[in-house]
Structures are given as structure tokens and as C-alpha cells.
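A, B and C are the chain letters, set down in written order, and residue numbers restart from 1 in every chain.
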Amino acid sequence: MSKHEAFQERISKNRGMTAKRRSIDGVRNFFTYLSAALAVFVLGSIFVFVFQRGAKTLSWDLITEDFHTVKYMVNFTEQEAGDFAVPDDLKEGEYFSTKYGFGVMEGTDAAKDTVILLTRKAEDSPLHSGVNAVAGDTKDKPQDVPTHVNVVKIAYKNQEGETKSAGQVRHHTPQEFVETLDQESTGIVSMNYQSLGGGIRGSIRATLMLIGLTLLISLPIGIFAAIYLHEIAPKNGFTNFIRTSIEMLNGVPSIVFGLMGMAIFFPITAAFGATTPNILLGAITMAVVLLPVTIRQTEEALITVPDKLRMGSLSLGATQTQTIFKVVLPNALPGILTSILLSVSRIIGESAALIYTMGTFVVDNPHITGRATTLAVQIWSVMSGEQPNFELATAISILVLIIVLVLNVSIKLITRQLNKKWKE
Amino acid sequence: MEQTKQEIKSQGRVPLAADGVMFDIRDLNLYYGDFHALKDISMEILSQKVTAFIGPSGCGKSTLLRCLNRMNDLVENCRIEGNIKLGKKDIYDDKAIDVVHLRTEVGMVFQNPNPFPMSIYDNVVYGLRCQGIKDKALLDHVVETSLKQAALWDEVKDDLAKNGTKLSGGQQQRLCIARAIALQPSVILMDEPTSALDPIATGKIEELMESLKENYTIIIVTHSMNQAARISDNTAFFYLGELIEYNETGKVFSNPDNPRTEAYITGRFG
Amino acid sequence: MPEQEKNFNVRDKIDMSRIKRRERTDKIFKTIFLIAGILSALMIILIFIFVGGKGIKPFLPGYEFGQQNLGKFLTGMTWRSDQNPPVYGAAFIVVNTLISAFLASVVSFPISVLTALFIVKIAPKKLRGFFTTVVELLAAIPSVVYGVFAAGKITKMVNSMAQHFGLTTHGGLSQLTVSILLAIMIFPTITSMAINAIAAVDKNLELGSLALGASKTQTNFKVVLSAAKSGIFAGLILGLGRAFGEATAVSMVAGNSMTGPTWNLFDITRTLTSTMLSGLKETSGLDYDIRFSVGIVLMIIVLITNFSIQLIKRSIGGVSHE
């Protein structure tokens, strides 16, 4: 083979190599596209799933309603049957009592049991004439029966003058219930009804209480510790030890924080009169969870405060404490705000640590030293029962997701604004 | 204005040791860790005069300046031997003197203007408020007289609520001077106060020093030979941590004793 | 008082006793700052002492609810808190925890690294922000929401997959479900660490590779990834740590088997964290205290993982500036 031929062959081989290399490069790049697309797909699936499943359940009633059903009983002062016209806009499956002027249809309550749902009342329906029948201060006070409740029982008089019951107690369907009343009764005596429950008002309140209490504890300790580390601490082994110890908290699984809360802090809350896991305990525990975040964010904010301001203040005869409170902290405020938003986002999302320290029993009127659930824990709570309640869990998830995402976007915006400010 | 001057003249508070000596520095040695930054400095700085510290970068002039109001305390690994007397008191003797009080007596203006991000008014009264002075009439009065002395009053009197950081560089530096003299100190230390400013702003600050020296002892660190020659009464030349020459400015610039001084001021190194 | 008689001398107002008082305040505050720092540092130590103490108690003589055998706890393959007397053997739980975390990282690691490479080096500038946001959002989603998603969607997916192989599952609760869930949950952790590591690679290295005739893609895969490997592996370890400690979401789909270890991917499993959360009712008694013992085991595993970050950083090296 001549030199020339050998050279030619090498070039053509090289061309083949280039083509091969191109295709390998293409395959490699394709896999990176695929991975990134997969991430988008997973995020999308989660959102689609949560919103599809939960959107129907999410309503203003859900937010304002108690979780547990409340039972009511009223007697009627106007008992006579009347003659009501069937409204035109009756929905499918909705039945209207022409004698008493109200509508019912099938519904479900918090425990996902089928109930007779009161949907409407005519203007002069006897249902407006209820008085409280339960013993107590408000007995015999007027009590209008609200719609959107579960009709457990209506006691009526039949032609023979006997008192009979209709409703859920007799396993009536809404249709049977209305037919029984309209055909057999001459008047109604009393009514037992229940709120539907399944609301999240209590958890929202508990979440807010937890956020407030946690920040009350974590902010001063976290900010002061950051001040110590950044403004005061000498550079020595002891300071390094403190830093390392705080960083190690970052790696602790949140469920272990839950154990910690019960083991270390429960006695403290017991001194405030707590006998069970409670909101205060959750707050102390969350404060510890958030310490490393708060300290790091605050320190980063302190770093952005130029040293010349500290020098200026000290040269004017201010003490270091005065310098910190009058000059350094006000300038670190936006950074501290970021750490607050981050903390709130973490508190709203946290569940494992709180299951141990606050319990899983949903409470409608939470108290600082009593059991309660946050929104996230209520999700866990309704999911871990015998019958997982996906509708409620996803509905709460929508709320939690929206809040957490809004907080995260705000943090991003503030941080971007800050970076701009200090670049100037 | 007349009244203002009167007031300040009556400020001979620091009981001077010898005639007209404000700072008496004896055998001062300063170390940053292993680095010997100041070597056997001994000098007397005179009251009501402008003293300039000159020398190439890293010669220790700024370090010495920061010894005079103990700002070096903030530097870790900084060790000081020897003593510095302000009047009759050793400023490194914590029993004789209080460092916070010292800094109200010895004001400082920094190389880069460093107004606090708050209103002009709050900037000027910052030092006073730190001392717990809340008397509104007094604060108002001090803001006016200090800004007048710093030749800033006419430019800002209509908008004292404006944020100090929104002023121009030269104005910011004058605000910092106003802030320092609001405490009516005896000494003002200036660490290259014009190096970050344009020529026009520099001219204004130099004019200002001219008028301030009637009432204050001024010590200025500068890189500019011209500036030292123009405004100072006495000049000290430092080189590699040593005080090479210290004399009346005219003498130093026209007929220096030491060949290294001559080499530096004629621009052969530095 | 007429104006001219007012004393405007500032120096008269500066008094030493006040200065002394302020310096006392200064000292007090500095002490408070110091205490806050020490208190924060103390927490990790308190966790070890208190959680450790409480977890060891069941194995000590004189334990009020009946002393447990530590050897049986550490080697046992059965966990029956419903029996009388209850049997607590945690060995299979440890094995299953390790298996599911390992499987999760096998799935998640390559996807994370490729995504990070795409975001930093391959994607056009406009898309970069979008994909970064996607990763950040995935990191921000609370674990309980992941749990609901897993219980509602992944279980169904796994169930139909099992039927495809002619197998059955317990409603989709399985080892595989746990692993897929964990893979999703550790994805943002590994990816963001990998993004940092890749972005920190020295540009000159890349230029050097390009100058030698390597293509952009070859440079990315050969030079950039290998220079960033220390940071990338640190991310993997961090992800593993998260996988071990993840509790609520996992406990929703684990199924809590009573014996093990589970080798069948479609069979139910039990992790350390799901054990700690299952059937939590009382806040005293053996069944409660034994959860602290499980907690110690979890802490030890997480600690070993975290310490290995340092080891890996030292032995793998790499040129990233992390």
C-alpha cells in the first residue's frame, strides 16, 4: 500500500468515526432531554392528580366547616303541612316536599357515609320555625335549620295522630323520605340534623397557631445565634464546634425531631398543663427543625451588610450591641424576611415531626396545650384511616401546594431583588 | 455661625500633658499575628494642627491611625505593645479610659464614604442618640451646626429626611464628616478621605479641613503628596512600619533629612 | 427658656455612668447571643442523649414494661406488636429500608445527573430557568402530598404492572411503590447538588477538552461529569439520607409487613420510618418506647451515610470547587 493510499484510508476511517461519534453524541444528548422531560412529567402528574381529585371537594364550606359532625335538634312552632309548588330548578336526584317546602338529595358526610342532604327551603317553610330542643341556655330559642346539613330524622304526626319518624334513622332514601312525609304526615313535630363535617377550619387555625408560636421561638434564637456566629464569635475551635453541631441538625430526619420533641420538650409543655401531645410542643420541635435554616439565612443576610457600616457606627462611639441593632439588623431585614417565609413554608409542609408532637386527632377548636393537626397532618390523618379519604386529602393538598408554591416564588423574587440591590 | 465657633473653642476638655501635645505615642509596636506591622513608633501629635501621615501602601500609616481610636481592637490576632496617651491618659489602659468614650472623643472619617442607609438627619445624630441624648432641640441644633461646619447644610437643608445613601459621593463624605463632628470630638482621624472622590469633591473636602483645623486636631492619612503639602502643618513619613521622618510640612517637603523621604516625595518609589 | 441660654454643648451630655451602663447592656446582649449559639449547638447533642436514652431503656434490666432482648431486636426477622407478648425484631426492617433506598437511588441517580447536565450545559438559556424552577418546585412539595400521590397513582401503576406479570399486590402497596416514590422524592436533592457541582467546574477544563478536538457532548460527558463527580456523589449520599429518613409518604404505601426481609418487589414491605409511624396511639408503654429504639437505628444509618460524604469527597476527588 502506498503512502498516499494509507493516508486516504485513514481519512475515510476518520469520517466514519465522526459519523459514529455524532450518533453517540446524539444518543447521549437525547437521554439528557429525556431525563429533564421526565422531571417535568412527574411534576405535571402530581399537579394533575391532586387538582383533578381534589378540585370538586375544595370549596369555601370546606374551609369554614368543622371536621367533626355536630348534632342538633329543633322543635317546630309551626307544625301544619302547607301546599308548596315544586320549584323549576330541581336538580336530578333532588326531591321536594310539597307539604313542608324543602328539598333533599343524596350526599356524603366526612366519614363518606351516604346521608340525606337538605338542599333548599321555601320562604315560608315550617323549617324556619325551629326552636332549640337541646337542654341548656339556648333551649327554646329560635333556631333556623340551615341547608347543607344531614337530615337524620323528622318526627311527624300521621293521620291517626301518632308520632312517627322519617329520615336516615329509618334508612330512607331521599325519595322515600319525601314520599313518606308527603303521603303519611299531617304535621311535623321536631327534627334532628347534623352538620356534614369533614371541614378543615380547625386544622387551619392550628396551623396558624403553630406558625406563630414556632416563629416566636425560632426567630430570636436563630437570629441571635447567627449574630453570635457572624458578629461576635472569635475564629477558633469552639466556634467551629458550634457551627458543625448546628449543621449536623440539617441531616437529622424529621421523624427523629418528633421523637426528640417527646423526649426532651414534653416535660416543658407539661408544666403549662399539657397532658397529651400539643401545639406548643409542636412549635418548640419545629423551632429546632428550623434553627439551621434560620441561622444560615440570617448569616447570609448579615454577610451582605458592608463592613464599613459597622466601622462607621463603632467609630461614632456606639457599642457593638447598638451597632448590631441600629445598623446591622435593619440592613439584614430582607434576608431575615426570606428566612421567615422559608420557615413558614417548612412548617406548613412538615408532617412526620408533628405526628409525634401534636398527634393525629383532628380537633375543631384547637388549644395551645391540646392535641391538634396542621393541614399536612390532617392529610395524613384522613389517609391513614380504614377508608383513605382521597377527596379530602387531595383538596387539602391543593391548598397546601398553593401556599407552599406562592411562598417559594416570593422567596425567589426577594432573593433576586436583593442580589440586584447589592450588585449596584 | 459666630456662636458655633465660640462653643467649639470652649472645648479644651482633654487635659493636655505637655504644651499642645494631643497624642503622645511611645515605643509603639503592633503585630498582626506574626507580621510586625509597626516598629518602635514614638511621636507627639500636636493639638489644633493638621498632621499628615504619608508613605507607600502597606507602610503602616493607616494602622497607626486606627490605633488612635482603638479600631484595631476589632482585628483578630492584633497585638499592641508600648503606649499611646491622649492628653494624660493611656488609651490602652482600660482602667483609665473607656473605649466607647474614647471614640466619641476621637472621631473618624473613612476612605469610602459610609453613610448609614437612613435619613441625613438620623445619620448626623446617630452618635448622639447612641449616647442616649434625646433632647429634640439639642439634636436639631447639632444637625444644623454640624452640617454647616461640614459645608453641606445649604445643599440638604430642605430635605433632611432624604436617605444619606442617595447623596453624591462627595456629599456623602461631607455627611460622614458632619456625623463625626456632631459629637464635638477633640480629634478627627481621616483615612484617605478623598481617595474615592472626584477632584471637585476633593477640593471641597480640603477647603473644609482648612476651616475645621481651627477647632479640631486633624490627623489625615493620604496618598497624595500635593494634598499633604497643601493642607497639613506637620507631616510624618512611614516606610515598612517605621517612622522615617516627622517634621513641619514645609521642612519635610523642601528639605527632608532622610534620603528615603526625599525619594518618596519626589516620586521615585511608592 | 430663651433660646440663647440653652446649653448646646454635646460633651456635657455625654456622661460616663451612662456609658458604663450601656457597656453592661452590651455585655448582657453578647452573653445572650452566645447563649443562643450554644443552645442551637446543644440540640444535636440533646437529641443523641435523650432519644438514645429513651431508645435504650427497653433493653435495660428493670424496664417497667418488661425488659427486651437487644440481640433479638437487632437480629429478629419478625415485628408483631399485636401479639402477646409482642415480638420486636428490626433486622429485616433495616434490610428493607436499605433495599428501597438503594433501588430508589439506582433509578433516580442517572436521571438526576442527566437532568442537571441538561440544565447547566445543554438547555438553551430560556429553558434553563424553567427547568430549574421545575426542580425547585419538586423540592418544595411537602412529603405528605407525595404520599397522597403515591397512594393514589403509583399504587395503581404498580398494581397493573404486577398483573401484567401475572402477580398480585396488596392494592399496590409494595416495595416497588416505596422505591418509585423515594426515587421521585430524592430526585430534586440529587439534581440540585449536581447542578451546583457541574456549574462549579472550571471553564478552562472544558476549553482544554474542546481544543483537543473533543465535541461539546464528549466534553460534557467525559470532562465535566468527571470533574464534578465529588459534588455529584455528595448529592447522591444526601439523597440516600433523605430516602432513609423519609417517613410520612413512605408509611402511606409500605403496607407494613410483619416478617421479612421482603425480596419480592410486589410484596408489602416495612421501613424503619413506617414502623415508627404505624399504629401510633399511646404515648407511653413498650410499643411507644420501642419506636425510639428504631429511631436510634435510623440515626445510626443516617450518620454513617453522612460521614461517608466526607470519605467520598476525599477519595473521589474531582476538580469541582465545592
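By definition in this document, a contact is a pair of C-beta atoms (placed from the backbone, for glycine too) under 8 Å apart; a residue touches a chain by one contact, two chains touch by 3 or more.
Quick caveat: nothing in here was measured; it's all calculated off a predicted structure.
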Chain-level touch network, classified as line, ring, star, complete or other: complete
Pair of chains joined by more contacts [C-beta pairs], A-B or B-C: A-B
Most distant chain from subunit A by Cα centroid: B
Rounded Å distance, subunit A centre to subunit C centre (Cα mean): 22
Centre distance in Å when subunit B and subunit C are each reduced to the mean of their C-alpha atoms: 55
Cα-centroid distance, subunit A relative to subunit B, in whole angstrom: 59
Numbers and ranges of subunit B residues touching at least 2 other chains: 100-101, 104, 130-131, 183
Subunit A residues counted as touching two or more neighbouring chains: 319, 322
Multi-chain contact residues (two or more partners), subunit C: 22-23
Touching residues on subunit C, where the partner in the complex is subunit B: 4, 6, 8-11, 13-14, 16, 18-20, 22-23
Complex interface listing, subunit A residues touching subunit C: 21-22, 24-25, 28-29, 31-36, 38-40, 42-43, 45-46, 49-50, 53, 220-225, 227-229, 231-233, 241-242, 245-246, 248-249, 251-257, 259-260, 262-264, 276-277, 288, 291, 295, 319-322, 324, 345, 348-352, 355-356, 360, 376-377, 379-380, 383-384, 388, 390, 393-394, 397, 400-401, 404-405, 408, 412
Residues of subunit A touching subunit B in the complex: 234-235, 306, 308-309, 311-319, 322, 326-327, 330-331
Partner subunit A, residues of subunit C touching it in the complex: 22-23, 25-26, 29-30, 32-47, 50-51, 53-54, 110-112, 114-115, 117-119, 122-123, 131, 134-138, 140-149, 151-153, 184, 187, 191, 215-218, 220-221, 241, 244-248, 251-252, 273, 276-277, 280, 283, 291-292, 295, 298-299, 302-303, 306
Of subunit B, residues touching subunit C in the complex: 3, 7, 10-11, 13, 98, 100-101, 104, 128, 130-133, 135, 137-138, 141-142, 145, 182-184
